[in-house]
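Going by the order they are written in, the chains are A, B, C and D; count residues from 1 in each one.
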Amino acid sequence: MKVFVQRLIDDKVGLFGLIGILLVVLLALLAPLIAPYKPDTMFTEHVLEGPSSQFLFGTDEFGRDIFSRIIYGAQVSLQVGLIAVGIGAIGGLILGLISGYFQGKVDQVIMRVMDVFFAFPDILLALTIIAVLGPNLTNTMIAIGIVFMPVFTRLVRSAVMTVKENEYITNAQAIGVRPSLIIVRHITPNIMAPFIVQITLALSGAILTEAALSFLGLGVQPPNPSWGVMLNDARTYMEFAPWTILFPAVAIVMTIFCFNLLGDSLRDLLDPKLKQ
Amino acid sequence: MYAYIIRRLLMLVPVLFGVSVVIFFTLRIIPGDVAQTILGTDATKESLAQLRKDFGLDRPVIEQYITWMSGVLMGDFGESMTTGREVLPDILNRFKITFELTILSAILSWIIAIPLGVIAGIKRNTKTDFTVRIVSLLGVSIPNFALATVLILILALTFSYSPPVGYVGFFEDPIRNLQIMLLPSIVLGTAMAGAVMRMTRSSILEILRQDFIRTIRAKGAKERLVIFNHALRNAMIPILTIIGMQIGVLLGGTVIIEQIFSLPGLGQLVLTSINQRDFTVIQGAILFIAFVFVLVNLLVDILYSYLDPRITYK
Amino acid sequence: MFKRKGFLVSLLILLGILLAACTSEGENDNSDSQNEGADDQEAAEDVEQVLKIANDQEPAGLDPHKTPAHSSVRIYSQVYSGLVTFDENMEVVPDLAEEWNQPDDSTYVFTLREGVQFHNGNEVTAEDVKYSFERILDEETASHIASYFSNVESIEVVGDYEVQFNLSNPDATFLSNLTNASAAIVDQEVVEENGDLQQVAVGTGPFKFEEWVADNRVNLVKNEDYFIEGQPKLDEVIYYTMKEESARLSAIRTGEVDLTTLTAQSADLISNEEEIDVKDYQSLEYSYVGFNVNSEPLDDPKVRQALSLATDRQAITDIVWNGDAVVSGPVAPSMGDWSIDVESHELYQNDIEQAKALLEEAGYADGFDITITTASTYDDMVDTAQLLQQQWEEIGVSAEIKQIEWGEYIDTWSNTSADVLIGRNGSGTDPDRALNYFFHTDGSANVWGFTNSEYDSLVEEGKVTVDQGERQEIYNEAQNLLLDLSPNLFLVSPMKYVAVRDSVVDFVPYPHDGEDIVEVSKQ
Amino acid sequence: MKPLLNIENLSINYMTNKKDFNIVKDVNIKIDERMKYGIVGESGSGKSLTSLAIMNLLPEVLKIQEGSIELNTDSTKDLANISKKEMRKVRGREISMIFQEPMTALDPLYTIEYQLLEVLKIHKTYSKKEMYKIGVDMLKKVGIARPDQVMKDYPHQLSGGMRQRVMIAMALICQPKLLIADEPTTALDVTIQAQILDLMNELSDLHNTAILMITHDLGVILETCERVAVMYAGQIVEESTVEKIFEEPAHPYTKGLLSSIRSLGNKSEELYSIPGNVPTPDQYQELGCRFATRCPYAMDQCFNQEPLMYQVQDDHLSKCWLHVEEGRANERSSERTRS
């Protein structure tokens, strides 16, 4: 682990990504302290004003402070990312472990169900789920989570099947260790590398999916400021108030950029094939 | 091989059956009513009931499913509840456009991403490598609706250019068709290119470390031969995986771009039908997309065995 | 090292050329039209008389009796004619009917123009009129417009060109209802051939339906035999479906389309551009907040009044409609004398103290929690919801916003499954629609559960009162009563914007018809 | 007559922006035409790097710091200082190479035919037919029974031994002057090892090809080579004919190697008897003998000063301070060994 952290620090690119993400997390956690205003306070005398000392990033069509909204938006976007990916990853982990370890009929059933979900187009699946559950933040996260689940399930399953071939697993089975114990103690730790990499990449995917749903009006509900919502709302005003689109765009691009950087370098670090 | 393909095709059946069940019954849970959407605020109770009866929505759900499914099995996807048109020909017509969009953006992204990925891989950790990686990552990081709108605005303001309106098929008027498809393909291609580039780079890196590359160099081969005939060809297998996945995703995921660029593709059809609760169209389209998606996956698997002699299917 | 570089470069050049080709093509078009414009009118005739219109929604179907969607109406209204129509002052004038008379208060006899042909060559006779209205009234048709003609008892063919409508009771709204584009005269033969008219359109209007390519375009061509001499001037009209505002904006700027509707914000952007005229008109629509009047605490009129007082309609005008909207009651101000002056109404004054006092009286001194439901499809509704949320906060009403997409929204509306619903109504062309249809206890669009016997008798009386002045008084009273009871909060009536290229001449939009193109030509 | 290959003072460094340290130092080797020369050492001794340096196939981070690699064929070239283009003409045509892992040394996506004839395509201008014939002949020569079938096969369809035969065929198809074999038999079964070595011997005699055998296995050296250099920690510690090295080893390291074999009484894959491990390059001492930490005879001097290369007898060099004590020190090249 120590070596791993050291290597991550040596890898400047990955470190940059990590620091960027930590910054966003910090922004989100300290939002009430950093943001000068509440995200939904409307200064109706200051509609669509450019950046100034009073409004660092300018104001939007309601006269809300874009800077504050971006900071609070970090909360929403990260929350969507983390919880949605959490749902997808944990669900996928459990199903993948069961499927990969026991194989046979259970595997068949789980994988066919996943195939069904996999065959649905992402956005349309999310759209349908939200239509059924009703649009709100929680359901958006659940929908994105379900969309991501098949990918995680497949990944975990194939990793489990590789690890299972190892001798120590066979030995553990031979001396009658309970399957649940083998899965928890021996298999799970050994499939973490690809799993973690996939999580970082899925995080950026979740934030993008939320943005796409916002475009269709089914993302986070107003006046909650997710970056996707801000970006979409700003499209109307971007020509005469470019700051309304610029700052949310930079926020979303930089965050996803950092997640991808971290994901890439984690993949390089954790992949034994790529070791120098 | 043929046996394998047939077996895989047979495996489609439960998946498609699952998709059909999921979509059919989900639609019946979704709040919203096609009759009400069609007739709007002017509807009377009687006209609503009449319309629902016309669509068979007053019968038990299971019965509705069986009627629909037996039609589908005979190749009859039914008629649209809103437009009254046959569903299947509509889907096929729309699919042509989505397919063209997918293929164009894929090709566009490959011609940019694969060479760049190779260069970045060869020149690992140089400035070139970093530049290429950063640019490609930025491409993946921009939500495509934002990129599309900004592009439209900038082109209109600076070059007073906007894509021609009114889609025409490629075979009707290829030049106009390409003009229409160019911008949307660029937008979709940008995100794709990023992912393909990253995969190309890391595969090339991995392959260049293999022993056989040293063997080929030891033969006195030019670097170009080493890279293109051997490294790239070996790297194509993981690249193909990601390309296959993306094509699959794109086939159902061009909704937003189709809407922004007014392209009458499959994504728009589904979106419109969802808004109108046009069940027959949604069901048919989703089933079709799922079918194509699984087919693309199968195609990718078959391509694997073509590219890699070690992979044989029995 | 790589020859591929050369390949890439050439590819980029190729793309550049492609782009350049499109751009220069557009420029050529422009310079052509400018040169020709410089010459006199003879040259103008050389200009292709093709009008390209950007349609913000795909038409839902073309059957005038079955499809109320605006994206459809704007098209089939060019293809079909009715018995009568409105002139620019909203006076009823002849269309297919040359003249009409009323033997008694509940009987109308129409005399048709002779020799008018459907686009397929069939002549229009009294039989066609009878058929068309019977089709509307037939339950099997499930026509949205049946409710307008529910008191038509029978239709008699008096002669080849004479048709008589027998009403169950006098109806002051009958003639203006006939102007509705959906009260179109259709050809029985075509209906029987095609089952319905969703995919075909054979009418008597100025334009003939030619082709509909789904989610792409609808082509109409000139009806050479149109019964009004000299109309239309255009040879062809093409409606392109372009759902994305930014795409429409870009297309009107570059001249890819000649005419498009725009939002206030976009209209503002291009109002100074030389080649584009932005025309605006006061719409017949108004935005509203609908209440489920049977659900606590909204069942108390005081609560609804308090919410009205807490609502700052000016802020809604400024922010949602870019300053271009007028406050409205249940009858939109563009209805002229029919609408009352609401601006001075007590409940339209943004008075927080008064609102708080009312809430206290109602027993909600500390306010309450509520959910505002709105359609994600329309930005103005979402924006209105956000403003109301802020404004109501001041009197302690804490609202949550729920955005739903269109299919569910319509459902929510009709089942009143939301306590507070943001919406937009068209107030029709007669106050009866705005008042009776939406708020009478038995009104088919009264989804709010609102019932008031005094109000009911007022609007019933209004419907059968033929004297204009009397009728106006009755409706004034009804409107004031409605405002007091506030089953809905009536907000503002927005301006509508149509952007046209300056090559389009004689285009004038009216509140009741935003897209009258029979007189339009291109130069 | 000039030797076919003359390596003088070859030093290889590991070089990145941050680090720079020596890995191979002062290697001197002369290989005459048709000679079979061996380099023996444990893994990490620098023997493989030396061979890769000859082929100009060192990984990017490794650079030739000093020295020359002179190749005398039709003309004289210094491979340590040669253009890429020139070098490509040398590879496969004048010097070719066989690698340790026949499993991974062939491109899995191409047929044997393609990979075998690729060398010919690069260097010669035969017609397709001629090439095919040469290929089949070559496969026959390396003892492949059904060459036409094997030509069509992909690498994964062949056994390890078969693949190594293919590698040999590929290496010799252009009739090079020198064949470098880097642990050619390590990955193979013992029975097949002997066959492959015999085959190489036989073919090199037939084609007049010199062999540079890189191995950790003294048994292989004994079976194939005439001369041998013993490498330890990036340096040659002893060099002579195979006979002399085996019968009268001079350097303590060589002695250790030999006793480890003899104590086991058969060929051994591991060298158990020398205590300690081979130092990694960053552990190399600035001064003194690199073997000193493991040497049973180490003296103070061994830790302070690098030993010189002494001529312990005719045609027999060894790099150890002991030889001064023994009085057999007959310094061969003091001017080259800086301390």
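Going forward, a residue touches a chain if its C-beta (ideal position, glycine included) is under 8 Å from a C-beta of that chain, and two chains touch if they have at least 3 such contacts.
Since the structure is predicted, the reported quantities are computational estimates derived from the model, not experimental observations.
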Per Cα centroids, the chain farthest from subunit B: D
Most central chain, judged by mean C-alpha position against the global CA mean: B
Centroid spacing, where centroids are CA-atom means, of subunit A and subunit C in whole angstrom: 43
Distance from subunit D to subunit B - Cα centre to Cα centre, in angstrom: 54
Centroid distance [mean C-alpha coordinates] between subunit D and subunit C, Å: 88
Multi-partner residues of subunit C (at least 2 other chains): 246, 377, 405, 407-408
Multi-partner residues of subunit A (at least 2 other chains): 131, 134, 216, 235, 239
Chain pairs that touch, as defined at the top of this document: A-B, A-C, B-C, B-D
Subunit C - residues contacting subunit B, complex: 1-2, 4, 8, 11, 15, 18-19, 21-23, 26, 52, 54, 58, 60-61, 66-69, 139-147, 195-196, 198-199, 213-217, 238, 240-244, 246-247, 249-251, 253-254, 256-257, 377, 405-408, 410-414, 417, 425, 444-445
Subunit B residues touching subunit C - in the complex, by the definition given at the top: 30-48, 50-51, 54, 82-85, 90, 93-94, 111-112, 115, 119, 149, 152-153, 155-156, 159-167, 175, 178-179, 182, 223-224, 259-262, 264-265, 268-269, 272, 274-277
Touch list for subunit D against partner subunit B, complex: 55, 57, 84, 88-93, 96-97, 99, 101, 104-110, 118-119, 122-123, 154, 156, 167, 170
Interfacial residue positions of subunit A with respect to subunit C in the complex: 40, 42, 44, 47, 61-63, 131, 134-136, 216-218, 221-223, 233, 235-237, 239-240
Contact set on subunit A toward subunit B in their complex: 13, 112-113, 115-116, 118-124, 127-128, 131-132, 134, 204, 208, 211-212, 215-216, 228, 231-232, 235, 238-239, 245, 249, 252-254, 256-257, 260-261, 264, 267-268, 273-274
